[in-house]
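Notes follow once the structure below has been shown.
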Amino acid sequence: MEAFLNGADGVAIISCREGECNFGDANMNTYKHVKFLRKLFEHIGISPDRIQQYFCAAAEVEKFVASVEDITKKVQALPPLPKRKLTPN
Amino acid sequence: MVNASKHPNINLLTYSDIINFSGITGEYNVTIRKNTRYVDERKCTGCGLCTTKCPVKVPNEFDRGIGERSAVYIPFPQAVPKLAVIDKEVCINCKNCERACPAEAIAFDQEDEIINIKVGAIIIATGWDEYPIIETNEYKYGIYPDVITQIELERMLSPIGPTGGHVYKISNGKTPQRVAMILCVGSRSLRANPYCSAVCCNVSLKNAQLLKQEYPEMDITIFYIDIRTWDKNNEEYYRNIRAQNVNFVKGKPGDIKLNQDGTMRLYFDMTLEDNVTHMDFDLVVLATGIVPSKGTQKIVDILGLSKGPNGFLSEIHGCLKPVETKDMGIYICGCAAGPKNIPYSVCSALGAASKAATLLSNDILRQELLIAEVDESLCMGCHRCEKTCDFEAINLNENDIAEVDELKCKGCGACVTSCPARAIDLKYYRDIQFEEEIKGICGIEIKLDNTKEEIIN
Amino acid sequence: MDSEGSITWEYLKNVADTLNSYRVRALIDAKDEIINAGRYSEDQYYSILFKMFDEELLKYSLFEFLKTQPIANIEILKEFSQKNSLDIKKVYSLLELLRSENLIKIEEVYDEIEAQGEETPSKLVFRDFKIEVYREDISLVKSIYEPVEIIFDSNICSGCGTCAGVCPVNCLNIYNGFGQIDKDKCIRCGICYYVCPRSYLPVKLMNMYQDNASKIKEYTNIGNFIEVYSARTKVKEISEVCQDGGIASTCLYYLFDNQKIDFALGAKMSNTIWRPEPLLLQNKKDIIQTAGTKYVNNPTLRILNEFNGSNHSVAVVGVPCIMQSLLKSEIYNIGIPSLNNVKYKIGIFCMESFSYQSLLKICEVLKIAINDIKKMDINKGKFFVYTNNGEESSVPIKEISHLAREDCEVCFDLTSESADISVGSIGSPSGWNTVIIRTETGKKLYESLIAKDLIESKPIEEVKPGLPMLQKIAGIKKNGCKKHINEKKEKNLRVPIY
Amino acid sequence: MNCAELREYVEPLPNVVVARTNKFTCSDSGQNIIKNDIIELDLNRIVVAACTPKIHEPTYRAILMEAGLSPYYFQMVNIREHCSFVHQNEREKATEKAKRLLLAGINRARELEIVPRKEISITKSALVIGAGIAGMNAALDLANQGIEVYLVEKEATIGGKMAQLDRIFPTDDCGI
């Protein structure tokens, strides 16, 4: 959420593939949170497309590029989110 | 083998599994389960009398099912340690062996033994398995009896093997006249494994040569994509065999059919002549590739290591750190890290041993504590982190406050996100540090007095 | 998405803060546990979660709003309620939450109205709040949503059973009238704390809800009411078994008869004599089992989960603490399906209740075997017991009140002020019930009883001893409660926050 | 990308005392510049924007230590892989991105803390899992250095796959 608060219009979380996490199954833990956030976004009226998790291994260059392009495309289709206002002093 | 078993500094634990692992570099705690052999190791002399009295006969795994063994058996004549073992899954409990054993070594009431050890370093050499061709039945392996693998041929060629060093057709027991060897089965393939298994070319060449020595009239045809004999003296070896009247065909056979007379017809494209044709053979030998062993997978799970896309263990750096893993005290060598020939396996083993010895030559190791930290004033004692931690590194103390075990924590941060009270932070990777970073990436500058934030973009 | 246009940065900030809320985070992570516990489906889980999220979001927006104000008072709260088109009562309820979470301090400002002769003694009238924010960062506040364990430990658990009835992972139960918690299962979502009548209870607010008022004002000793009657049932089956007037049973009789409810929750005697257990009434035949007063406490709401899910209508008959927790969970709507199903709250008067063990002790005092007791009654300051042989013995309440449940000492409520309709014997002649109509729902129900000719009804003014007696006894309980709470406070024991 | 522009950008940022551009900061001369700056300007945080931390982070941490600063007060920003490599044809955009990354690095640097270290006495023994040709060799090598070795094998016998081989290439020796 910090990213959204500071002006990001979308957040992509790129993690290792299922079952290949360095730390047990932390990537799937993250996935659970992302799934919840997407549901929450829907609930509060924000497009769930703004947050996505992609699974790709470090060597999967094409997949990484495709992931980034995918979220860029999806987020560009959406209006920008409100930005933090300049707080005087 | 004997050296390894007799060395005073080596505690040999055969028939054993690693079942638990914890700790950090320099101080690992490992739990080993010594599976019961149902034979008392101290009493068994390896005389083999019991094996002759056993009424059960099952295919011998060591000889790739070509020969037989009994329920109580010694894997092969030169086995180290030379001790009998009872395969309880097939044993019928007739106790003939117990009566036969002159040393009274048979112990049906033996139980698994759990051993806890403390070590400073770990070397993983869990090796390889043969490409599981029985599952894919490529080239009708498992369907036509005279389609075998190089390892099976290897066993037949062995003087101590099931056939005493003679090669027979499994279907009729006659010596084959025309033998085909197909390379790259299960390797360098889009359908099976993409990688080269590194040794199959040489193994096939060697076996072709051994066959030629034993049966000079035998027709041997090797079907290859490329012959890869890259290591020292190997190219010379290849040239030498090529000169011995062995037939080489560049092209991988596409189909195999059983003829009426029991021979097999291979259809193939002779790529050098642009000619699709076929030939009949008595015996087809498949050079099956190398895959990570099942033990490797188990070790990955228990030790929490990472593996590459093909299932082999990952080193830190393929060129410069080939035997090291992300865990400083754990090293990998041999085929567990990828297909290798024997000299290369030995080199990597010695490399790993050297790395381990370098570590162990220190008395003290300074370990960074990049671990989770609990803010006791915020912790609610909800047990969630305890349940989340994959490494069992967090436990609640008697005051219901979470405590991190410095030795077990790997600093993965899963507990940080699981804590509903936000009481956990990861040292050096704190939420605040990331928040500041995110602000930076989003282009938000922080003014010196820390009271004003300004948008720059 | 079109709705994105209306989102402001401040809103996003509040969403982010809310995501740090202890309760929300506890629920998010415990999804698997909750679904595996089998009580709530995945849809229900999300509806509970988002309901909770909305509630927390509102709470944090109020907090952020208050932070921008130097000193907040009712006017400021009104401004907030208009800005967010919220009911002012909702705002008060959020305020109460913030207070209980120690995020704000509230000082109540009273006007003193001078005495005008003997008739109207001087009294204090509420005028305004002075609200002070004294925490800046929510995330650094240790959550107060501890499980109700602390309530159990401090002996103020009323044994109403609500916590056990809503717990998403079934980690709570009530044994012998007191709560027990399975710490290993507990996910610390704090839902139990939310519904518990003894954790904190916004009494003024509850009266406002009953009254549908938008201003904070003072109420009498028997809380908010519309009308009070004295009544008795005309239904024969009920009058044969009932304690006094049988009105509570008649209400259920009418509701079942006219398909107004699918289920009702009440208490029946268990296999152990004089020991009640919760009962889910399915039709009017079951009413007979529940008639009559039980002097041993009963965790009626423990069985809330038995009608989870679909859109049922449910009536609950119970003592004040049960009614309190129902109204509290109505105010802080947390989306628990079974609580949403409760449509009628029928309250019973209650001075104090006994545990089964203490009832056995009373029998010892009276030298009567518990199995011989036919009926019990409290009347004229005495505890009466009628045996199967027709004998009657009694003991003054004063002599046995030390045997009552400790938690009843901290209860201020005699007349089930949180119910739609309250029923009891105090104030009416023997064989009659005093009926306090508190809400529109209660009023409609009572009118229907009269219309269907199920009861005989007289205005309370026509009977002796009447309303003054009831007010007086209710006052005694309220004063006793104050005294006990102060005593506990002095000993640094935990007390309910009213 | 335009390194001079980057330097001009970060110079006025809060807490930034000195900003330098340098070819091959990882070289000896580059290292010395950092070391001198730490000592002379009394710096307490160092941010290096260069290549991947995978290779040179230890190098820089060592410099910090030599200069008497905790090695954890160091932050590396990878503007090679993240900017110049991937945005070769978009010089200006790459510079813009580098600015953001630098800002992130500087922001993070402010919050850096010293990570405590724990001294562990090393247990002088090793575990070798698998007693095939590799495992046996590793175990023997360690054992010959006087280290106690546990050699664990899941099968009933050691030797692994090599014991199954009749002969081995290219010497045609016996496998066992």
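Letters are used for the chains, namely A, B, C and D, taken in the order the chains are written, and counting of residues starts over at 1 for each.
The definition used in the following text is that a contact is a pair of C-beta atoms (placed from the backbone, for glycine too) under 8 Å apart; a residue touches a chain by one contact, two chains touch by 3 or more.
All figures in this text were calculated on a predicted structure; none of them were measured in a lab.
Q: Can you identify which chains form the pair with the largest number of contacting C-beta pairs?
A: B-D
Q: Measuring centre to centre with CA averages, how many angstrom lie between chain B and chain C?
A: The separation of the two C-alpha centroids amounts to 65 Å.
Q: Once you find the CA centre of chain B and the CA centre of chain D, what distance in Å lies between them?
A: 29
Q: What is the distance, in whole Å, between the centres of chain A and chain C, each centre taken as the mean of its C-alpha atoms?
A: 44
Q: What are the residues of chain B that contact at least two other chains?
A: In chain B, residues 388, 418, 434, 438-439, 441-443 touch at least two other chains, as defined above.
Q: Considering chain A alone, which of its residues make contact with at least two other chains?
A: As it turns out, chain A has residues touching two or more other chains at 2, 33, 83-84.
Q: If you go through all the chains, which pairs of them touch?
A: Here the touching chain pairs work out to A-B, A-C, B-C, B-D.
Q: Applying the document's contact rule, which stretches of chain A touch chain C when the two form their complex?
A: 1-2, 4-5, 32-33, 36, 39-40, 43-47, 78-79, 81-85
Q: For chain C, which residues are in contact with chain A within the complex?
A: Of all residues in chain C, those touching chain A are 1, 3-9, 12-13, 15-16, 19, 28, 31, 46, 50, 53, 57.
Q: If you look only at chain A, which of its residues touch chain B in the complex?
A: So the residues of chain A touching chain B come out as 2-3, 6-8, 20, 22-26, 29-30, 33, 57, 59, 83-84, 86-87, 89.
Q: Give the list of chain C residues in touch with chain B in this complex.
A: Contacts found on chain C: 20, 22-26, 29-30, 139-140, 142-143, 146, 183-184, 186-188.
Q: Of all residues in chain B, which touch chain D in the complex?
A: 1, 3-5, 7-18, 24-28, 30, 32, 37, 62, 64, 75-76, 78-81, 83, 85, 117-128, 151, 154-155, 157-159, 161, 202-203, 205-206, 209-210, 231, 233-234, 236-237, 295, 299, 333-336, 341-342, 345-346, 348-350, 352-354, 356-357, 359-360, 362-370, 406, 427-428, 430, 432-434, 436-443, 445-448
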